[in-house]
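Listed below are the structures to be examined.
After this come two complexes, each holding chain A, first together with chain B and then together with chain C.
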Partner chain A sequence: MSEALLKTALSGASSDGFVRVEELGPQGMITLRGDFDSAGFAAAVKKAVGLALPKQRKISTGKGGSVAWMSPDELLVLVDYDQVGATVAKLNAALEGEHALVADVSDARAFFRLSGADGAVRDVMAKLAPVDFSPAAFGKGDIRRSRLAQVAGAFWTPEEGVMQVICFRSVAQYTFDLLSVSAETGGEVGHFG
Partner chain B sequence: MSTRLSTGGRLLNKDKQVRFAFNGKQFHGFEGDTLASALLANDQMLVGRSFKYHRPRGIVASGAEEPNALVGLGLGAKFEPNQRATTTELFDGLNCSSQNHWPSLEFDIGAVNNKLARFFPAGFYYKTFMAPRAAWKHVFEPIVRQSAGLGRVPKDRDADRYEHFYAFFDVAVIGGGVAGLQAALAAAEAGAKVLLMEQTAHWGGRAPVDGGTVEGEKVDDFIDATVAKLQAMENVTLRTRMMGAGVYDHGYLTGYERLTDHTPDQDGPRHRLWRIRASQIVTATGAIERPLSFAGNDIPGVMLAGAMRDYIVNYGVSSGDRVVVVTNNDDAYRTAFTLKRHGLEVPVILDARPEGGGKLAELAREQGFRVENGKAISKVKGGKRVTGVAICTQAGEGAVLEEITCDAVAMSGGWSPVVHLWSHCGGKLTWDEAQAHFRPDPNRPPLGAEGQGFVKVAGAANGEFDLGAILKDATEAGLSAVTAAGLKPKSKAEAPAGETLAEANPAAVWLMPQGAGPALRMKAFLDYQNDVKVSDVMLAAQEGYESVEHTKRYTTLGMATDQGKLSNINGLATLAHSLNVDIPQVGTTTFRPPYTPISMGAIAGEARAETFQPLRRTPMHDWHEEQNAFFEPVGHWRRPYCYPRQGESHAEAVSREINQTRAALGLLDASTLGKIIVKGPDAGRFLDMMYTNMMSTLKPGKCRYGLMCNENGFLIDDGVVARIDEDTFLCHTTTGGADRIHGHMEEWLQTEWWDWKVYTANVTEQYAQIAVVGPKAREVLEKLGGMEVSKDGLKFMEWADGELAGIPVRAYRISFSGELSYEIAVPASLGRALWDKLLEAGAEFNVMPYGTEALHVMRAEKGFIMIGDETDGTVIPQDLGLNWAISKKKEDFLGKRAQLRSHMADPNRWKLVGLETLDGAVLPDGAYVPASGNNANGQRNTQGRVTSTYHSPTLGKGIAMALVHNGPDRMGEVLEIPGTDGTIYKARICDPVFYDKDGEKQNV
Partner chain C sequence: MLILHCPYCGVDAEETELHAGGEAHLKRFGPGSSDEEFEGYLFHRENPKGVHFERWRHVNGCGKWFHAARCTNTLEVFGTYSAQVFEPPQELQDKISAKRPGWEWRDLKGSDQ
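Right, the complex of A and B next:
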């Protein structure tokens, strides 16, 4: 019924500079808060998503989706958009008796993908986020919850030459403009090769 | 005459001629020139007028320290004032003009100030403009504003783009001279991740000009080889045209990279501001030559000796055919050699030291130079150019022994290490008596968070001037930086052996001749850009200024765009001398970033035009734009204020929207309202603390309006709370309150009630929210179908999950307008779809969207308060007659105790009432209600103020809310309220609920 009516923030906008920027989505996202030290919490995540709890500033990915570390008591669960309802239900069921919060935030966010030469993608990100993007400091499996210029953002690199970026939906246009202007030809930094 | 030589010019590409314009005159230069070298090559000695006396000024330096040669560069949207000609690389088509002159550079009316100079001593602003008081505003300030400042402010929007770049290193080295290169190499070979930045376009610093050998080879070869080595290393980042701008706490360092200043037609950002984190910073920033203070030391043609050498060697430009060299140190002899080598004449070398110089001086005598020990310049002759010098003894008062004709003077007052970056974050200095300069005190570096030093210094910046000592010092600095960064050095570099001729110590010469009388001192300039002379600093001392910081502000010494790079040491030495104390006792002024001015664009980075500020948009924003909605900013959101139709004023649009909503059906995009999930076994207990009223008793499926106060009792937010299940609440906040209230909740949870089992999540943006409002609201929802919305199926102040037209929704039956109203929350991705369906289904009811102004008017008609209108951070719920929403049963809530304080419980606090004007006019917003008499400050007493005021289309008259002294007890009383235009409005105090007092409309 409603799939045809779904509208991401920018309807899949894209731009091509020395790095390609495109809006993806819709992407299923679930905020999960709880006590990481509780065995029941970890077991529930394992049961619902099939993944162990990620370490600080890490994202783990499996067949069913990804789980990202957001804060000492918050995770972000990434699943297919149409799996959100089922996953929320599974989590709630598995967390029965645990003090935890499960919230669907899929629509609260915009989701971008940067692609190009690995160094170029890192250069674009380093213009906006106060994060060490050198491959040694930030590789596959790392995630940062930081900022992009003036707005909050989270990002990780699922493979070489690709960066995935999440921001709040209301500032999707601003974030897209930021990423696009930073990827504009002529602005190559050449710092990361 | 300054001119282009047939020899020299190692940085030029003489095959490529470049055209440029200065004050409309067309000139030629070569690729590789700076604007300064190209101007000199064209005999343009006169480049500007000084700030105060409008004296003719020429180029005095060759680098970042240049005080005089400032130009307005570029045209229109590319125009930028105060650009230093010495650091501007020449490019084809460059267009620039000199500054601070009128009507022309050659003939300047302001130069009359020069003749009146004795009336413009230090502090003349303070002395002259004291009285009469009115004269400051009407006479002095306009004149000062006209004549103040150097460059013109750009008129057009900057055509270029800029960006920031964040980068992280173990060791960041500032300065690409031999010291910086060697320090970087030592650190890199030891395994550190290294950044080396150089502010010019070339590596090697002064070494290729000053000469010397490394391991028996020319120093140039060492530079090339070291750069090649560094380029080949993966752990090294090399950047030219990047200046170390500022050193800050925690190893934060800014690098100002000028990408296209030399190629302005190239695509891409003009400047990039590097925002660097480095475990350790090495400043290898070299040294700056000091002028000597003698009369006429500012006449065009008087130049720093090192700069004169630079122009010959680097750019093949001579500053004069016959050059008198005057010095207090050995280095200036190198300039004499360079001049002679290129066929120019040096009639005399005046060495102020009675005993003369060392090996370099010996060499000069061997080569046949006339060297005069203990001699000085009494004064320079000439106006817009040097014509000669009068010679005297340094020890005397300036009696002229001999006059020598010359067209340039090369002066050297010794070299001062560039300690700026060392000092930015608190690095201390020590006075080196032998070298007569301040250099970094290695025992007192800038300290990091753990109390450890995080800046090291290398080479000339550390007071080392011998090539061998520089290389040794730099190697040590590079290696120790690696260790200090917490790394284990992989290898330990050995310093290569460098050799230059040994130099004798300089003499401290702060005034030339040392006994110069007032007439000479008045023409002996310390600060060229701000026209501060030796006599000004002496006057300041005489008038009681003992602190160098005070003297600086009184005389404006070092306060110009060059921040005293040339004048600092000479100025404070003069002050010390006048106060008869030692130089270290006077100390230095504070060095602050940036090292030289950086562009505003670089500071702003990408924050311009579309990306100036994040603008928040709801899922329906595009639709609002298509309807030509008039937007108002609410936080970073843009919300439709109203939707004016063709030919309609905003007021007309607002009235139409209200009338339609009250008569049939209106829609409001309420997506911006804050939505916070609060969940956990202690959620009810927590919300009882957060809100003034009781939330824990709310039943699942129900809604309750709540007030939130801070711990001081003041109202900070309000909104409807819905209980989702036993453990879960959804709290609505105001639009502006979403992030703030979420933070407020988290703060209390994390700091005070950390053991309570509560989690919160801000889900504001997960949902689009649409208020469906008006008598036809139910009908339109029933048309969409899918869930129970009947009077009893979904009662007032209840919520339910369901579907509308196949779209999953949560419907809250709440009303902020007084009408039958449902707020429908829907996943944001489906917000636009539901909005479209409501418009379609509502067409038969003539559905209209309404904006924030209609929302405001309708809530005011109902007497509902608005956070930010009725509240301003000083208002408590009791002021607003909201006592019903303050629980008396609860033991505690945030604000409870504060509201018991005497001033909060004072019956004299102004209280909320309604106001209706007698003639139907609309009261001015924010108007005060005067009372009789004046207060202690002679101001009219007041008894109240208007908090909200509108024209109510429903009632056909002006309505308002106001806080009035004893208001609720004064119903029916008529108040007189003055407007700002002299009108006196008469308004009657009434109940703030103007419309549907019994709430029948919303409860159908």
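Right, the complex of A and C next:
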């Protein structure tokens, strides 16, 4: 694949405030819809990504990538960008005969990473989304789809002090600006420490 | 601020994450129906002061539609339930009867307790 096609929406923009905001490189993302109760569906996910179906609002991560719960009939599969084609093919083959949908959405999304002190990262997010970001309510392994100010977004915390955010590519600049302004030095809240 | 529990993703979502979808349990009258039925389907809506049933969509979330029962007067939320039903579950109706004895909504009637 040529270099031009691998360009992300903001070419890896970053900003440093009391929390660092950066756009991550191309991330393989596959939307997978189907019947979670069907044994064939779970088996297909296991076969293609090596992970069991995540529980409600959870994201599970393994060697082959991550699988996130998006709705009662939708998963988001995260794999390396260059593995997307192969994973889609594997899923399609494993889902033969199932009522399911596999779609490569890698280039339709933008992917951000916030890093800093855990409390500060939570404060930055709490300014933007109507979600309880206390460590007890939103910890490692949890994922939420919600809104970031005026646009839809999904986010999870892969480790302490890090938040990863996915939004639609068309609103990448807006989301980056939102996160940057929210993380600007002088805007510390100190609510989560 | 209205906070509704989404029965599909289990989130207590606040109003800004949701989208209101109007009155619940409408029966569609399309081609072949009488003018009165069609008019009723299109235009006649409940406007209660008290118990009301509505459709909501968890638009900034799991994207699913669900039903909510609430009081338009006090904004108290009695509960939310699946979209795949034709009327509120009996359990929820009983719960409303306990709080608003004798409530009525369209052809639904709560008990007087």
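One rule holds for everything that comes next: the second predicted complex is superposed on the first by the 189 of 193 C-alpha atoms of A that agree within 3 Å, B and C clash if a C-alpha of one lies under 4 Å from a C-alpha of the other, contacts with A are read in each partner's own complex, and residues count from 1 in each chain.
Note that a residue touches a chain if its C-beta (ideal position, glycine included) is under 8 Å from a C-beta of that chain, and two chains touch if they have at least 3 such contacts.
Source: prediction; values computed, not measured.
J.: Between chain B (first) and chain C (second), which does A:181 come into contact with in this model arrangement: first, second, both, or neither?
T.: The answer is first: A:181 touches chain B but not chain C.
J.: After the superposition on A, what does A:95 contact: first (chain B), second (chain C), both or neither?
T.: neither
J.: Touch test for A:75: chain B only (first), chain C only (second), both, or neither?
T.: After superposing on A, A:75 lies clear of both chain B and chain C.
J.: I'd like to know which partner A:144 touches here: chain B for first, chain C for second, both or neither.
T.: second
J.: After superposition on the shared chain, which partner residues are touched by A:19: those of chain B (first), chain C (second), both, or neither?
T.: So A:19 meets neither chain B nor chain C here.
J.: In the overlay, answer first, second, both or neither for which of chain B and chain C A:57 touches.
T.: In the superposed model, A:57 contacts chain C only, not chain B.
J.: For A:130 in the superposed arrangement: first (chain B), second (chain C), both or neither?
T.: both
J.: Per the contact definition in the header, classify A:30: touching chain B only (first), chain C only (second), both, or neither.
T.: In the superposition, A:30 contacts neither chain B nor chain C.
J.: By residue count, is chain A touched more by chain B or by chain C?
T.: Looking at chain B versus chain C, the one contacting more residues of chain A is B.
J.: If you lay the two complexes on top of each other, which residues of chain A touch chain B in one and chain C in the other?
T.: 130
J.: Considering the complex alone, what residue numbers of chain A touch chain B?
T.: That would be residues 1-2, 5-9, 26, 31, 33-34, 73, 99-101, 103-109, 123, 126-134, 137, 149-151, 168-175, 177-178, 181-182, 184-189, 191 of chain A.
J.: Over in the complex, which chain A residues touch chain C? Could you list them?
T.: Of all residues in chain A, those touching chain C are 56-57, 70-72, 74, 130, 144-147, 152.
J.: Tell me, which parts of chain B touch chain A in their complex?
T.: Counting only chain B, the residues touching chain A are 161, 163-168, 193, 237, 266-269, 272, 275, 277, 605-607, 610-611, 613-619, 636-637, 677, 679-681, 757, 759-761, 763-767, 806-808, 827-833.
J.: Report the residues of chain C in contact with chain A in the complex, numbered from low to high.
T.: Its residues touching chain A are 8-11, 13-14, 16-17, 60-64.
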